[in-house]
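Structure first, commentary second.
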Amino acid sequence: MTIELLYFAWVRERIGKASETVSPPETVTTVAQLIDWLAADSAVHAAAFVDRQRLRAAVDQVFVALDAPLGNAREVAIFPPVTGG
Amino acid sequence: MTIELLYFAWVRERIGKASETVSPPETVTTVAQLIDWLAADSAVHAAAFVDRQRLRAAVDQVFVALDAPLGNAREVAIFPPVTGG
Amino acid sequence: MMTVTVSEAIIDAGGEFAAISASGAGGIATFVGLVRSDDNVATLSLEHYPGATEAALEALADGAIARWDLIDARITHRVGDMHPGEIVVFVGTAARHRGAALEACAFLIDRLKTEAPFWKKETRGGATSWVEPRDSDDAAAARWKA
Amino acid sequence: MMTVTVSEAIIDAGGEFAAISASGAGGIATFVGLVRSDDNVATLSLEHYPGATEAALEALADGAIARWDLIDARITHRVGDMHPGEIVVFVGTAARHRGAALEACAFLIDRLKTEAPFWKKETRGGATSWVEPRDSDDAAAARWKA
């Protein structure tokens, strides 16, 4: 499975890029597992994702909880709570 | 006591004038008594004031109930419920 | 700050909006009431009680400024004859935060409908009649008593 | 009818107002959020999630149009760098009656704050920081669940 990852706001700044393409193993089936998998191999990702309470996500542009299934997601976005308007 | 009376909207139209100056006797001490006194001498006023439920009043530009005292009122306005805005 | 105007002049929404926006506030709420175009009204005539009207509107604005700590409030009301699409009333509120601006704006227009001495007469199809007061206006005004 | 715009262009309040007023409706409510002048913010930067932002705003507008039977709704949101006194967001609603316009306008700005993917960064005194989410925004958005 190939996923386009998007990062916004301070998640983007801490990771140091706005997007990347990853191919997680089939055992990664939820957003939370994707975050764990990214953090396991990269100190930079681990630092950006250290406080899971402050992370929000969208799968194919639909806002979801972190335990939501990835399904056949093509685009996953990880970001802080929104502060717009 | 000399009072400047003001009429608005359909009260004004039915009475046929926007204002008049009257000198009611001292026994007239409330707005309601003033209305009764006006209606007693004039069929036109009586017709305009026939439905007291649909009348509102202000004494010296302060909105009051019909049983409010006139005090030393200089200006009394009689009109239908407001429909502005 | 507060500006209350009652006049026969056509209301320029852009100018009103610019005036209330000039306060440096973070949130501006406005309400504009227009003569509806879908209602077969040819002419709407607004009569008012000169002097008492301005005093009533100023009292409403004073109350809103105190209750919601507004930076600015603006009420501009037209009187006389007007036509579909023309503005009857502009209400604008400026506050540091949006909740205050939005609530105060709704308060002012709800209360204005029941407390300011304006009377509407409509001409449609050649027939003219005074607009009857609406119970829903009393209900809307009453919810701000708390 | 509905118009949703997300852009780096400066928002012209007069133009926005004219657009929402052109609907022939009896009541127009608007809310404008500006970069506050009293807050020592030199620059406010708004980041967003292109595509998802527009979809979120359109979904909000659709919901408001259905719930309050609006004639028109308009959301214009700026992104990028902006300065004190400049407009961040314009929300306008047009309805036959004022209650619907006022409530729908408050609904849209409350929900927009919690459901649309925008992030604010402030620069003051040379220091830059991301704005933290406010509990009061969640509370304001939640009151529309009923």
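Points worth noting:
Here the chain labels run A, B, C and D in written order, and each chain numbers its own residues starting at 1.
What we mean here is this: a residue touches a chain if its C-beta (ideal position, glycine included) is under 8 Å from a C-beta of that chain, and two chains touch if they have at least 3 such contacts.
All values derive from a computational prediction rather than experimental measurement.
When the partners of chain B are compared with those of chain D, the chains appearing in both lists are C. Here the CA centre of chain A is 27 Å from the CA centre of chain D. Remark: chain A and chain C have CA centroids separated by 49 Å (rounded to whole angstrom). Distance between chain centres (mean CA atoms), chain A to chain B: 73 Å. Shared interface positions of chain C, i.e. residues touching 2 or more other chains, are given as 33, 109. Counting partners per residue, chain A has no residue that reaches two or more other chains.
By the contact rule set out at the top, the touching chain pairs are A-D, B-C, C-D. Residues 6, 8-10, 12, 58, 61, 63, 77, 79-85 of chain A touch chain D in their complex.
Residues of chain D touching chain C in their complex: 13-14, 17-18, 21, 24-39, 84-85, 96, 98-99, 101-102, 105-106, 109, 136, 140. The part of chain C that touches chain B in the complex is made up of residues 33, 46-49, 51-52, 55-56, 77, 88-89, 109, 112-121, 130-134.
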